[in-house]
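I am attaching a structure below and will ask some questions about it afterwards.
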Amino acid sequence: MIVIALLAIPTLSGIGAFFMTGDARRRVLLVVAAVLHAGVAAATWIVPPAATAGGWLRLDPLGQLFLSVTSALFLAAALYAVGYLRRERRAAHRDFEEGLLFTNAPEATFTACLLFFLAAMTLVTVSQAFGLLWVAIEATTLASAPLIYFHRQHRSLEATWKYLLICSVGIALALLGNFFLAVAASDHTAVRGAVLLDDLIRGASHLQVAWLKAALLLFLVGYGTKMGLAPLHTWLPDAHSEAPSVVSALLSGALLNCAFLGILRVQQVCAAAGQAEFGQQLYVGFGLLSMAVAAVFIVGQADFKRLLAYSSVEHMGVLMLGVGLGGSGTFGALLHAVNHSLAKAMLFLVAGNILAVYQSKSTADVSGVLRVLPASGILWIAGFFAITGSPPFGPFLSEFTILKAALDHGRDGVAAAYLALLALIFVGMITAGLRMTQGAAADRWTLARPAEPVLAIAPPAALAALVLMLGLYIPPILRRAIEEAAHLLG
Amino acid sequence: MDPALVFLALTSVLLLGSSRLTRCIRLVAFQGVLLAALTIAAHANEITLRVVMLAALILALKGAAFPWLLSRVLRGAEVRREIEPMVSYMLSMAAGTFGLVLSFWLSARLPLPTLPTSTLVVPVALFTTLVGLFLIVSRRTALMQVLAYLVLENGIYTFGVAVVEGMPMIVELGILLDVFVAVFVMGIAIFHINREFDHIDADQLTMLRDWTG
Amino acid sequence: MSLLLLALGVLVGSGALALLAARTPWASRLGASGAIAGCTLAIIPAVRVLAGSATESLRVGWQVPYGAFFVEIDALSAFFLVPILGLSALVAVYGAEYLAAYREARRLGAAWFFFNLLVATMVLVVVARNTVLFLVAWELMALASFFLVTFEDDQRSVRNAGWIYLVATHLGTACLLALFILLGRTGGSLDFDRLSGAPAPVGLLFLLAVIGFGVKAGFVPFHVWLPEAHPAAPSHVSAVMSGVMIKTGIYGLVRILSFLGPPPAWWGCVLCGVGLTSGILGVLFALAQHDLKRLLAYHSVENIGIIAVGLGVGELGLSTGSAPLAVLGFAGALLHVLNHAIFKGLLFLGAGAVAHATGTREIDNLGGLLKRMPWTGVAFLIGAVAISGLPPLNGFVSEFLIYLGALRGVVSANSTVAVPLLCVIAGLALIGGLAAACFTKAFGMVFLGQPRSEHATHAHEPGLAMRVPMLLLAVSCVVIGCLAPVVGGTLLPVVERASGLPAETVRGVMAAATGPLSFVGAAALGVLLLAALLAGVRHQLLSGRRVEESCTWDCGYARPSPRMQYTAASFAQPLTDLFRLLLQSRHHLVPPVGLFPRQASLTVDTPDVCEARFYTPVFTAIGRGLSALRWLQHGQVHLYVLYIALTLLVLLVWKLG
Amino acid sequence: MTEASIGSPLAALCLSPLLLGVIGRTKAIMAGRTGAPLLQPYRDVAKLLRKAAVYSRTTTWVFRAGPVVGLAAVLGATALIPLGGVPAACSFEGDLFLFAYLFGLLRFFAVVAALDTGSSFEGMGASREVAFAAIAEPVLLLALAAVARQVGSVSLTTMYAGVDASAWSGGFPTSALLAGALVVVFLAENARVPVDDPTTHLELTMIHEVMVLDHGGPDLAFILYGGAVKLWVLGALIVGLIVPVRSGNLWLDGAAAIAGMFGLAVVTGLIESSMARWRLVRVPQLLVGAGVLSVLALVLTLR
């Protein structure tokens, strides 16, 4: 019932938003939907919801973890979006990079797609059947594409096209993976025609290993594309940098997690089938590769939204590495997923504030943020320290846990590479972050400092507070949830 | 069902060699028809309403709706033929044959547990998939890439309908719906691209990059 | 222990309040008073432990992975706590007046918040007994000091300095992460009482520790951040960073060494080598500097080197099982930690007062300040004598212990140990001579002679709040110098903790050492008294006679002017020439031309050789290598899809083939 | 306080100016002159003590403190120096370091006092002084360490008590090398030829003399006397090594040592009248050479 509510709230309000007239009312609807969704998601922690639709929709610890993160982020994003949409000019306005005139997509479409996006992501977290999971993940792509193309100008269009094409191809491969899995299951009566995750896990021992492996590879490449693992990440920096910051926040903080969840589901089955290692070594490889590729583009990156995007690639790598190491590494990875989502979404929201004032995405043009936009500046620098894994913020603990897992399992080479890449990325990130925040303010602002509306500051500030909290104190309930989730992955 | 599969493979090869976009659209449409036929043939032993509905739906979408949509887009953008592709048509053919070999090799690695209705299914499906991928990589116009995506989809779907039984209806429908929306959105995107850039040449969309060499 | 926690609370709380009151003048008052109160509270348990009461410890659960709030004050922690808290308190008093000058330009709330945070985290670092807690405190310490260094972030040089500092300290922390996790691999827990170097290659752990903590401590070649960051920071912060913060690196090293078990001889040699390199290069580069604070920063490198040498001697003693060597080495090193905290803090405060009064740190623009700032001058002179390791002040006492240990080793030990120890003696002597040269230059050029610029001419003595801390520090230099045996006695438990030797052994050796120490103390007193006596005699002799004032004897030259005075650069030139191979100074010469040359000039600057010759090339190389790989993201969507296809095919062929 | 313990300092305090006299007389004789009486240095000191003083306006109390602290340091050093077999007034483990560093203190204050005048000449001298001292100090300590190693003891008195005939019969080369190194240090620290020329009249070439240009009256007396005592105590280091008379009878040993001191003075005079001052750039080479000598000696002892 609760699960149905979780799905219905965004879907219905999305439809409503699409046909509703009057921006003010629509914005209210958006916030209300977000609050309701968050409320229900929070309720699931108190009353564990029952399975519905014949077990197709169920909220297991893994799903619950990602659902809560998604819902929290969406609430922050919705609040931010209200202020953002207020700031956006309706008339055609000049694009600050090419100087061409452009208009925005209709706000109704934007809001509606935002809500559908939430619905799709919710479906990802609650669906217990691979087919349904696939449908949901593809749906997230389709719902988010128009969001990226909110600003109707060249670059965002290009980004949208690449996003659509690359992700669709990837997801198509994942579909093949679905079929392969079905074939793998069709060997034995115990699992023939099994669609539910639990059934597959129960009869995992009867699965056809060759097909299972092939399926895993297809899922890995397919969902990995969506998750942004190098070298499949190519769409990610474009989409994240061209989408409105509020959308980038959701893409990076919630969408990538959904794809990650897709891979985790397959890993669940493989682990049950005794094939855990087969995937894990691949995960370690992809993890390190993603971190390395991210490092290449983070060092000396000139566009701060692309910087954040590549940092997402890096952190997806960290997640895969953690899962690949298994054991406490899995715990660390899940914890890191939470930390990264909060921190990265916060950063993207702040990036929106900076972009709005400086009208440039180039780190060279932005300086003295601490003086021009004190609140945003503080959040920005704090976010950079958080995302690069400095105490007292959450990511430090999770990255530390993963490092410990690597060393405890005797994977010293992996640990060394991991540390080296983290250090390199720290240098790259922090260089850009400091260049932007420090320094004297440009003359145009010495007279009148631009205002910082509360709706632009409060949401990221709240997220920052959460990240800080997770760095100093991990609530037992969350810890237990993550432990259970990690337990599901064997 | 072998003939259908053979035709499928042939159409894929033809696609590799054809430059006229209208022709490509027709070929893809034909693949849709074949797919519908396959759906029937695969469940020849017990034709249920479900199967018929599915086949009809596939026919409607892949055989009619998509081609119609895409040819509209094509009319919007004044391009008749594919611009000179990255890989020449001859070479594409050659690559196609290599893909065929590869797909047979792979399918040999993956013995089907239950005896399939036809031994050609897996290789042809894989082959079509590979052709789809190859076309996306080697062709320039956005429209051609959508077509290629459809070919890819067809290949995968061939595998689905021919080998996997007992895939629940809801999932099948969901998949079809998704593919439909995907193609639809891509169509819109191409429309916009054509409006914004006055061309649908995807490889000129390289404003977003980190390499300024 | 409750006092300590209370103190931490006070520090952080007052800092936060200062942050809230950023715009008001209350910011400084809250921050400073909070810092002072916190320090005084926390110093009580430390002193209690040093006085011989039992080790205090507290362990409560902490809801983070592998974390526990486990703190303990043993003798070692207490010994480091005393200078940290003492100096910080004094510096807070000083800072209250020092920062007032910035009140219009900046909001002081942040400065005080980070200052108090820095103090709190330093305390936490030395009392933490859980890896996660330690690392969190360690990194927070780095961040807090970073924000203090970049206090004047509108200057490019300051931003650059901050960047270098941040990168350096972070790379160091990376080593520490690996080190601690490896130490905790067997224990099952990351609490310090469970750490052990048992399974991992102990040599690797040792090197990791030397690098990881050496970055913070400023061992050559990991010192590059130090001469950048310390001058950039506000002077009272430089005093804390140079005086005590870098000592946390030494603390960490000593603590880790106590986990690693009996050392092989090469550890001692490595430490001695690193120490001597740091000492000699540090003082040489200091000699070549013309920025007063940069000069002092390089002297921190030098003194850290001396401390490392002491530790090295101690390790050599442990490895050869010769107790005197070990005890004297550790005692000297630890005592030098305290001493350096005192006189380096004093010197930085003095430099701050000078910069505050004249607005410049260029030694060659100063001069004649002793007449204008008598108190600061006296304090600085005492600091200068002390840091040169000269009797009768404290600097000599600690160096004496190291010397004595080394000499004992030379006399008794076999040649394999004797050789490094002889290097130690020669090296320390060289360092001492060069340091004296450097500080006669610093004091002479800044405070003596005639002002070389307008700034110096109109200098004025700072207010009481800045003077008192300096004078207190100066006094403690003298006191420790004269009370050498007493100080030696208090070192007992600390050395015992650090060296891990049985108590009675340590007591025995120290008892033997207190004899010489008492002589040293007596000699110090004696020299002071003798000087006083002779001064009295001189006064008597001159009392009845005519004492005239005239101009300096100028060897017949008609019109001497301040600009004819010897400059710092020319004063150091004989030595800098002697060591030009190491220094690689850059000369910019505009030679005089013609019969009546319009203008001629020579400027010499000495950039850090490690940075110029190693780090900068390496970083640029890495950057170039990475940018070469950027073609991966060329924007061609087809090829992006090709990546996917290839990845898939490779995986399929590799995994299924 | 036995007569033994005050013997050595007493000798230093009373006889040191005489050394200067001897050196001067030796040089005079070598130059074929009669030269000043042997007791001239005492007269000079006495005369200066009676004089009034003139101070530069530039100077501060540091200038006045320089000679005082310097003399105090040297007097302190006399308490540590054994005279051959005669023990020092006070001796303890590692007193050689205190000994060496007291001269460091002397130098520090001499230099800052010189800089206090703001005269570029005195600055010049000061800079040379610190430069050469920085190299001389390690040589001195290395040499003493070598002695310590050879004798197996760590305080000056016991070290020199241990130096006996056997040290020459047995380890002849070692002691010779050490003596050579110490002589160089002795000459350098006391500003004698070939390092510095105490009697030159060209400020540009001076080291020590130019530093005290501005001092006069009692201050100069202190400096002069301090210099003499310094000459004595540093000489004692050499004499204790090259005059290995350890009969156990303090009077005999003392007498031998004092004789040795004057012998050293004569030798110094001979050196000064037989060779010219070296160019400043070559002085470091001289000192480094001395360092090499003591390192060689060490290698021999370590063997």
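Labels A, B, C and D are assigned to the chains in the order they are written; within every chain, residues are numbered from 1.
Just so it is clear, contacts are C-beta pairs under 8 Å (C-beta built on N, C-alpha and C of every residue); 3 or more make two chains touch, one makes a residue touch a chain.
Keep in mind that what you see is a predicted model, and the values were worked out from it rather than measured.
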item	value
Most centrally placed chain, judged by C-alpha centres	C
Pair with more cross-chain C-beta pairs in contact, given B-C and A-C	A-C
Chain B and chain C, separation of their C-alpha mean positions in angstrom	69
Between chain B and chain D, centroid-to-centroid distance (C-alpha), Å	100
Inter-chain centre distance, chain A versus chain C - centres from mean C-alpha coordinates, in Å	44
Euclidean distance of C-alpha centroids - chain A vs chain B, Å	30
Shared-contact residues (touching 2 or more other chains) in chain B	109-110, 133, 136, 145, 202, 205, 207-208, 210
Numbers and ranges of chain A residues touching at least 2 other chains	161-162, 165, 169, 173, 210, 214, 237, 297
Touching residues on chain A, where the partner in the complex is chain B	129, 131-132, 134-135, 138-139, 141-142, 145-146, 149, 152-155, 157-162, 164-165, 168-169, 172-173, 175-176, 179-180, 182-184, 186-187, 192-193, 195, 208, 210-211, 214, 237-238, 241-242, 297, 301, 306
Complex interface listing, chain A residues touching chain C	161-162, 165-166, 169-170, 173, 210, 213-214, 217-218, 220-221, 225, 231-232, 234-235, 237, 278, 282, 293, 295-297, 299-300, 328, 331-332, 335, 368, 370, 385, 390-392, 396-397, 400-401, 403-404, 407-408, 415-416, 419-420, 422-424, 426-427, 430-431, 434, 438-440, 471-476, 479
Complex contact set, residues of chain D against chain C	49, 51-60, 62, 64-65, 67-69, 71-73, 75-76, 79, 90, 92-98, 100-102, 104-105, 107-108, 111-112, 115-121, 123-124, 126-128, 130-131, 133-138, 140-142, 145, 148-149, 152-154, 203, 213-214, 217-219, 222, 280, 284, 291, 298, 302-303
Contacting residues of chain C [partner chain D, same complex]	367-368, 370-371, 381, 385, 388-392, 396, 399-400, 403-404, 407-408, 410-412, 415, 418-419, 422, 425-427, 429-430, 432-434, 436-437, 439-441, 443-445, 448-450, 512-513, 515-516, 519-520, 523, 526-528, 530-531, 533-535, 537-538, 541-542, 545-555, 560, 562, 564-566, 570-575, 578
Of all residues in chain B, those that touch chain A in their complex	109-114, 129, 133, 136, 142, 145, 149, 152-153, 156, 159-160, 163-168, 170-171, 174-175, 177-178, 181-182, 185-186, 189, 192-193, 196-197, 202, 205, 207-208, 210
